[in-house]
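Got some structures for you, see below.
One chain, chain A, appears in both complexes that follow, with chain B as partner in the first and chain C in the second.
Let's turn to the complex of A and B:
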């Protein structure tokens, strides 16, 4: 076999490696630059808060996907590791002498170590299998620790949670993190670092074997790897980065409560990750951005945002199991064939009417909600910058017609979109 | 030929009251190509699973290079130089063909559970995996998801994964099952090529493959080995002809 290696110097492989190095570095540099200039575009504090929220969710979702997407482990209690990391960070904040001796920027490391420690304990018995048993143990442990939060008041602070003050840390090059923008840059730096480390992890032997164990644990065992240990290492690494996200949360909000580690939060992160797409590394990033926007921006305009988020999740699971990332990557094949432009017109013809129809449907939902829940006599409502009487027949007729016509057109044009899609994915022909 | 590569003594396996393997003694020498044949339900795959610790034996011992394997996990046995394929194709379907082979190389190249090495940085890994792909003629399929390969290609990939780790005892469970004649010839040549100088133990139904490949043959019927020997002797053995071979040979002609 040795002589084959020398007679086959695989030059193409080396060329590819050099090319892929610039290719793999590019997204990171672009992201870093983008995060650096973002505050110049959006200057107000509330936008910064949303962006920080996004960053925290990105780290958490990426950590979660180390289990779900890369390791094939479905966890229903992963908020626990983020939460415990966050609580630990809060306690460090409150240890005034120690806290004054460390810069705030390293606090997430401590949070990560606590998340990791807990993951080591739980992982030691939960990673034996990846299927239902793992999911049930994660759920059980999640509930258990969430229940502990009202029992072990010393650590979890009971119902009021634990609060602290980040500014007591040792100043970092003179920065005391009094201002939101300073916290923004701290969080942004941690997102880039964590995401890069998690990406690198997926390229290491143990990260590659996590995929192998996900696909076929038995075969992996016959390659010399214990499926259980591979899962354990993934679990511990995921616990570390979940803890880091908890530490970032602690720095941003300076308070942690039971909400940070309950099952609802664990459910949200599953939703976020799946929405973005578990099959690709960048999937959870998209999921975190979209979900945070829904949660913050949409919730400003409607009380019913959770219905829309839920519907979106449902639609994703049913029609696009690859999530947003899968949807994007579906277009790589047409792009490589040079046939992407074939899709532009069919997309316009189908997606715009569909979007209008969905907005019409949303209007009907909102009107129903207004009729049922507004104070008696308050018939006036504002929707899409229009103020009208929610009890008037005309408003209902318009919304209903828009819905029917929009979805109707989309339905009629859908077959031609399908045709265009098949054509765009077939090699050959005029292009 | 001092210590045999693989030595089974008094191996038994029962599932409940059903005795599937009823006491097998078998010694396979180094660099020997040994085929295990027998009618359906004779316990051939069970025997394989006992040797590789997929099942625990009810009684008896399995020794690899003189070392007792009792109580070891499959991954520990693999590290001692025994590798196997499966009757049902058993690859990593969502990973690329190249990744499949590279994963099979990781442990033998000493990477263990490390998270401080990047797999793409190792020339030895990349070139080793490409060399295996060339041996099994899948270099052109390198970057496709393994699950999209044709059946014969997946079987070839499985053999590639099995031999990649450099194990010196290779066990193949019906490598040509469900293949056309040309595919069978192709896989037979492949097996000859990649197992040169290694100990090969295979379960096989195709008599052409068995007589073409094997140095020695064992015939397993109802959990017992009724004959072991060179192909010609086994073919001539009246017990074998009665139990199995006659019918199979007749069917073939």
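Let's turn to the complex of A and C:
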């Protein structure tokens, strides 16, 4: 799984690596086992809900990255395919005769087919170009369909959305999916299956050609491949898996509304994918996990979580365009050189003060927010498990000092971190 | 007939407002080749700053100062944000402006809260200019038309008649040559970005009292502005003007005249089905033009992109 998507021209025989079967299969088996034992560790229902949400986002983000990362197509309306797939799944749930004859586990396939169908229609004209034209068409189509959800009540259910009941399906080996844990295993199984399929897709000639068309469409055309068809195939496949994620959403929440289609959801999935890193197959998985945690855990403790998420996103675009996955993969070279331990001390010296400084900054932001928006006379606020008066000078002084000192130390130690980094990336020499 | 005239004026106001945003956006696009998703956010900032200034110094100072602040902020974004991201390519640039739009909206909510601000039309303009058969036209609308048209003329004059405008135009087409002639091209880019965002700021200042100053105002207008410049042709100032007016009038007329899909379908020769509730197409039959007024621009854009990807006035072939 940690195989790089971008082909390295210096290693034409990169595919030979697939020969080592244990190495290829290991990440999949580990993650499958991990997903299987996870509910044994976290048993309460709310954690299960978060994990389900995470799984759905993983499938969606991976599908999105088939476009953005592997095909170089930036879509601003991808939630539409997931949404339409989900709505279709919802309608199948409500067709009682048909639904009673199929097991619930295959429902995402139907959702995927509907997402794929829509992607075929839209893709027939939108995949002519990549870049800005594609992005604009995706935005236009996304807005169109999102606006239609209020108009076409028969399919989208208007403001109230469409709801159903998953338990009317044919029991699957006696399981009726009444409990959250059963739904969890269904979702987890689908995550593994779809991730594996998407990974295999990226290894097929079509998947490889998607990379080629992303990097140099003209050259791909000269080699005899139609750039448009290659884009079309990626788009349709991505639509299928987006639909699958919509189907999983339908199974989990049993309701779909306009919110599943609108531009905000499309924006979130772009954010998730980019945060995780578009350059590597496993990037979106990290992005989905981190973002869902941010969304659920952080939004419980602060109203301002969207500001932090937005700042993190902007910082990622500006300083680490490779995302989290890019950051992790940067350490492969030092690891191979056996110099990773050189980095440990500089990291501790720089990153811990920086983290403390950022927490101090967050405290200042929270205090400003409290002073501005809390009811008059309500001066008490609780931050980092301490309750204090948000109007007192001491609190502001402490938070300001922590910020300044933390960021100051980080600034002072940053050059030595850079030195250590250069040293760790150079082969040979005394270590 | 009278109603047509009233709607023409309403559509003109909407169209010119759109134009003030799309003019800056299309200039920025022809300069950097990147669509600035945060453009409408600068429009929102303009409205909020003007509101804050108008509390202390009155509406007119707001109209003067707020766009300047927005322009400086925009130039700063170009200098310290976009220029940095530029090296990674176009897609990260687009994503950067997208993230910036999200962040600005959150920031505005952070400072001013989620409610609409009581930013209103100044007293001196709060009267009815004239009436067309009972429909009074507020003086503020005339003021908006006046401001937008003078900005358009000013922009056109600067771009085509002055030395600065010539250098800008040259820098848009041949940045390297202009740089070799001794002009500071990055500075020109930063300036154009600043002026473009300042224009959006002006639009925000004068639209805030009419359309409402609330955190969602950027989102409401944001995607329509893209649609406008895509329809007009990316990078074309005349195209932006034409498309803005077109969209302004289309949406206004679609809202003003309640055309029913049923009557159109009947006119073509289809008969209304007896059992409306059981028909799968019941939503198509009950469709009315005010319902679809807001999505008409998107339909138009998708059609344009399919049949004439360069836009109505565009020369750039993708």
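One rule holds in what follows: the second predicted complex is superposed on the first by the 410 of 431 C-alpha atoms of A that agree within 3 Å, B and C clash if a C-alpha of one lies under 4 Å from a C-alpha of the other, contacts with A are read in each partner's own complex, and residues count from 1 in each chain.
Heads up, the rule we're going with is that a contact is a pair of C-beta atoms (placed from the backbone, for glycine too) under 8 Å apart; a residue touches a chain by one contact, two chains touch by 3 or more.
The structure presented is a predicted model; accordingly, all values stated were derived computationally and were not measured.
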First, second, both or neither for A:237, with chain B first and chain C second: first
Which of chain B and chain C A:412 touches, first, second, both or neither: neither
Touching partner for A:404 - first (chain B), second (chain C), both, neither: neither
First (chain B), second (chain C), both or neither touched by A:26: neither
Chain B versus chain C as contact partner of A:216, first or second or both or neither: first
Which of chain B and chain C A:136 touches, first, second, both or neither: second
Set of chain A residues, in rising order, touched by both chain B and chain C: none
Complex interface listing, chain C residues touching chain A: 35, 81, 84-85, 88, 90-92, 94-96, 98-100, 102-103, 106-107, 110-111, 113, 223, 226-227, 230, 234, 280, 282-283, 287, 291-292, 294-295, 298-299, 301-302, 305-306, 309, 318
Chain B residues touching chain A - in the complex, by the definition given at the top: 52, 54, 73-75, 78-79, 83-84, 86, 90-95, 99, 102-104, 106-108, 111-120, 126-128, 130-131, 134-135, 161-162, 165
Interfacial residue positions of chain A with respect to chain B in the complex: 1, 4-5, 8, 10, 13, 17, 20, 200-201, 203-209, 211-212, 214-216, 218-227, 229-230, 233, 237
Residues of chain A touching chain C in the complex: 68, 72, 74, 76, 125, 128-129, 131-133, 135-137, 139-141, 143-144, 147-148, 151-154, 263, 267, 270-271, 274, 304, 306-307, 310-311, 313-314, 317-318, 321, 365, 369, 372-373
